[in-house]
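Across the two complexes that follow, subunit A remains constant while its partner is subunit B and subsequently subunit C.
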Partner chain A sequence: MKKHNVYVCRCEDVTLDELYYWIHRGFTTFEGLKRQLRIGMGPCQGQICGEVIRRELANFLKKHPADVKTHTIRPLIMGVPLEAIAKAGDQDES
Partner chain B sequence: MIKHEELIIIGGGPAGLSAAKSALEADLNVLLIERYVRLGGQLIKQTHKFFGSKNQKAKMRGFNIATLLIDGLKDAPGHLTVLTEATVVGMYDERIVTVWHDATYKKYQADAIIVATGASEKFLAFENNDLPGIYGAGGVQTLMNLNGVLPGTDIIMVGSGNIGLIVAYQLMQAGARVTSVLEAAPRIGGYAVHASKLRRLGVSIKTRTTIKRAIGENKVEACEIVSLDDQWNIIEGTEETINTDAICIAVGLSPMHQLLSMAGAKTSYISELGGLVPCVDENNQTSIDGVFVSGDASGIEEASSAMVEGRFTGLIAAKKLGHVTKGFDKDINECRDQLFNLRRGPCGLKIREGIRKLREVNDHA
Partner chain C sequence: MKADAVIIGAGISGSSIAWHLAKKGMRNIKVFDASYLTAGATGRCGAGVRTQWGTKTNCLLAKKSMEFFEEAGDLLDYKEDIEFKQAGYLILATTREEEAIFDKNIKVQHDIGIPSKRLTVQEALQIVPHLNPDSFLSASFCEKDGHLNPFRMTDAFYQAAKRLGVEFFFYEPVTDIKTNHASIEAVITDRRIIETDVVIDAAGGHAKEIAAMAGIDVPVFSEKHEILATEPTYPMQDPMVMSFSKNIYCQQVPHGSFLMGRSNPDAKHNHDVTSSWQFLEKMAKTVCDILPDIGKLRVVRQWGGLYNNSPDRQPIISSVDELPGFYVACGFSGHGFMFSPITGDLISDLILDKEPAINAAALSIKRFDETSNGDYETSVV
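So, the complex of A and B:
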């Protein structure tokens, strides 16, 4: 399979090729790969790509997918304008 | 300012609506938060009739079930507030949630929360999988059944679970041609009755077959399919090219666990349940006190199970808040019996195995 046109993360346009470039350099955790490739940092926040990358890591590490940890989920699950958050904060103070 | 609520239900699909009904009947005040413009979840795009028993609204079309569930909330004694086009974006300790709604960032704290966020579609890695013309099956249902737009004229469906089979049939009903349904496993995933309906229309269902690559310049023009051996490896030399203008991916769903995960609820990866799911007790309560889950968010099943789970969880949450309904034990037992029946037989094998594994994880904790 040609890997350069296989997208594993559609939000950040990351291909299988790019994923393996970093995997072969020792980045074999989702969090490590995220810092190189921004996987899981787009609109889906890892909900879509998480499972695709879990499978690739499981294959590479010869582990069961259940034993591969994916990303840590942090708030917020979608983009919210800072202005709106700041306004809500002002109300808390008043 | 943090607004206090008695019960917050996140998600207005079959599970959330059913939970709202039983909580309202127990005289609870409920805030129901839905991300879409209207309530009903995936039911609103289901044009087919449901199976099962009358208890789960069998023989009704999905969108009519949605209307029935929504209308059912009107005369209950409790007070209901519905937010639509509202997304719960954060969930924190003490059952605090933040909501993006009406261009405002809002904060709520609840005595109990039911997470009924449903599921998202799984995606497949193959060559040129970014070409326009490649859709998720749920996306196709939205496009076709809600917006009246066909995704293409000659369609390849990847995946033969119930969603793949039903959407393929609906595409044929809508006037498109489904040339093949591909299934990587040796057997068709969904109900035989759906598969037979497709076959009668001349759709070929190819087992042990997968998509190798999409072909096209600026959009999908063809796709290359290939046979798989018993170990799911590609058999070289079996490639075949089929002309197509839309590829529809129906390879399963992932539970939407994000809110629970960020709040620190314990989760476990159980492939039979669709992936990462919250560890729940026999009352559908997560590891966080007062936070419950029901429907696909707790493991992928059918809408019928989601409705029963919702009703069950609504009753349990009401009891937790001191609103024990008349006939509580009878109602709870009825729900348990219905879930048992829905999960019986060969079609329920996967879900039974998943629930067994989840219980094992809980017992070891």
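So, the complex of A and C:
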């Protein structure tokens, strides 16, 4: 398969080609790549792309995947509307 | 290893300083960062750039920086999109006292040619129709203000500096600075010793700790500020909407998501950047009051970053009398990203003994030795 046809991040439409473009510019950590490509910033929050990119980085760096750090886990685990958060906060106070 | 200058911190300030110094002819510049590019405050900031300030110094810094951003792609020969969007900052006044401050601020801005203007509620609604008209009394607006992608802007300085021969070292924290009486001898990292007599402290949230390694006391402190991001949606809000009194800034970035943040008046002075549910709840309530339609969007992520605050909430861009060769660029009080071009320009002028574009005394660390002139920046979230 051609690298520009392989999507490593489905939330932000990032292809394997684009991933390697930035890896070759010196961005060889997940967090560094995240800030240029938005991988891990979409609705999946790295749960899908995290492992795929970890393997690509391991290949490139000639390391075992377990030795490549993946994304920082941040809240929220799933998307919640702002107004639902605001209302839930009001209920707590009553 | 030897260097003509060592820059500590490869965030937006350090990267800009590196490029400006190299551009003005300095060679053998080395930049050390404790982590990856934009791991610190730069990569955690709200991505806003504005010229509407309350002090003349901040207005000047902002105006010069905005002029650079307008040409940044060409100046740095950068091919990627820096996502510069000049759709303005709409700043809401919600009390009579705040309206009086805005009237005063706008005179300061006009004096140096910043094209800001005061707007009525109706005029503000024409720019952002989904504003709650009952949540504010009037507004201030400048069309030059807007958004810029902090990761790409830093990468632009980083790549351009590298092309001029600057060397960057990541994941290599500075552990000590060796001095002998009033001169610098070396910078020590966890891996090597770099002999140098010029050191620039651009370590953001850790600038005070770095300066302390050289025996210099910089009157700044760091505190956590939090931000959240929503899912992307169709373009629905042009300018940044901000209110100092309601404690909010909220902008739709070109990618489509909304970024919003607020400060915590009880924030402790430390290096904690963890996310809190208290922020999430207060942020949600504030945005639902001012911009109710935004309330329908889902939050996908929240994070924290450090403001490095100075006593008057204006930057310290300065040499240090006690230690010739030591320079500080810190205390940006949450605005280091938007002031980064002028920061690099001023520090490089100080080092190369050139006449700076802005009166250096107003930014000097020495201003805190004297009795305060009351020139305190209040236009801060």
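Throughout what follows, the second predicted complex is superposed on the first by the 90 of 94 C-alpha atoms of A that agree within 3 Å, B and C clash if a C-alpha of one lies under 4 Å from a C-alpha of the other, contacts with A are read in each partner's own complex, and residues count from 1 in each chain.
Please note the rule applied: a residue touches a chain if its C-beta (ideal position, glycine included) is under 8 Å from a C-beta of that chain, and two chains touch if they have at least 3 such contacts.
None of the values given here were measured: they were computed from a predicted structure.
Visitor: Using the overlay on subunit A, decide if subunit B and subunit C clash or can fit next to each other.
Guide: fit
Visitor: Going by the contact rule set out at the top, does A:Gln45 touch subunit B (first), subunit C (second), both, or neither?
Guide: both
Visitor: Applying the touch criterion given at the start, work out whether A:Val80 contacts subunit B, subunit C, both or neither, answering first, second, both or neither.
Guide: both
Visitor: Looking at subunit A, does subunit C or subunit B touch more of its residues?
Guide: Between subunit B and subunit C, the winner on subunit A residue contacts is B.
Visitor: Using the superposition on chain A described above, determine whether A:Lys63 touches subunit B (first), subunit C (second), both, or neither.
Guide: It touches nothing on subunit B or subunit C.
Visitor: Is A:Gly32 touching the first partner subunit B, the second partner subunit C, both, or neither of them?
Guide: A:Gly32 contacts subunit C only, not subunit B.
Visitor: How wide is the angle at subunit A between subunit B and subunit C, using CA centres, rounded to the nearest 10°?
Guide: In the superposed arrangement it comes to 150 degrees.
Visitor: A:His24 contacts which: subunit B (first), subunit C (second), both, neither?
Guide: Touch partners of A:His24: none, neither subunit B nor subunit C.
Visitor: Superposed on chain A, how close does subunit B come to subunit C by Cα atoms? Whole Å, please.
Guide: 9
Visitor: Overlap the subunit B and subunit C contact sets on subunit A and report the shared residues.
Guide: After superposing on chain A, subunit A residues 45, 74-76, 80, 85, 88 contact both subunit B and subunit C.
Visitor: Within their complex, state which residues of subunit A touch subunit C.
Guide: 25, 27, 29, 31-32, 35-36, 38, 41-43, 45, 74-76, 79-83, 85-86, 88-90
Visitor: Which stretch or stretches of subunit B touch subunit A in the complex?
Guide: Touch list, subunit B to subunit A: 1, 87-92, 98, 100, 103-107, 120-130, 212-213, 254, 256-259, 261-262, 268-271, 275-276.
Visitor: Can you list the residues on subunit A that touch subunit B in the complex?
Guide: 1-2, 5-8, 10, 13, 16, 44-45, 47-52, 56, 65-66, 70, 73-78, 80, 84-85, 87-88, 91-92
Visitor: Which of the residues in subunit C end up touching subunit A in this complex?
Guide: Per the touch definition, subunit C meets subunit A at residues 36-39, 43, 151-152, 155, 159, 229-231, 255, 275, 277, 280-281, 283-285, 287-288, 292, 294-303.
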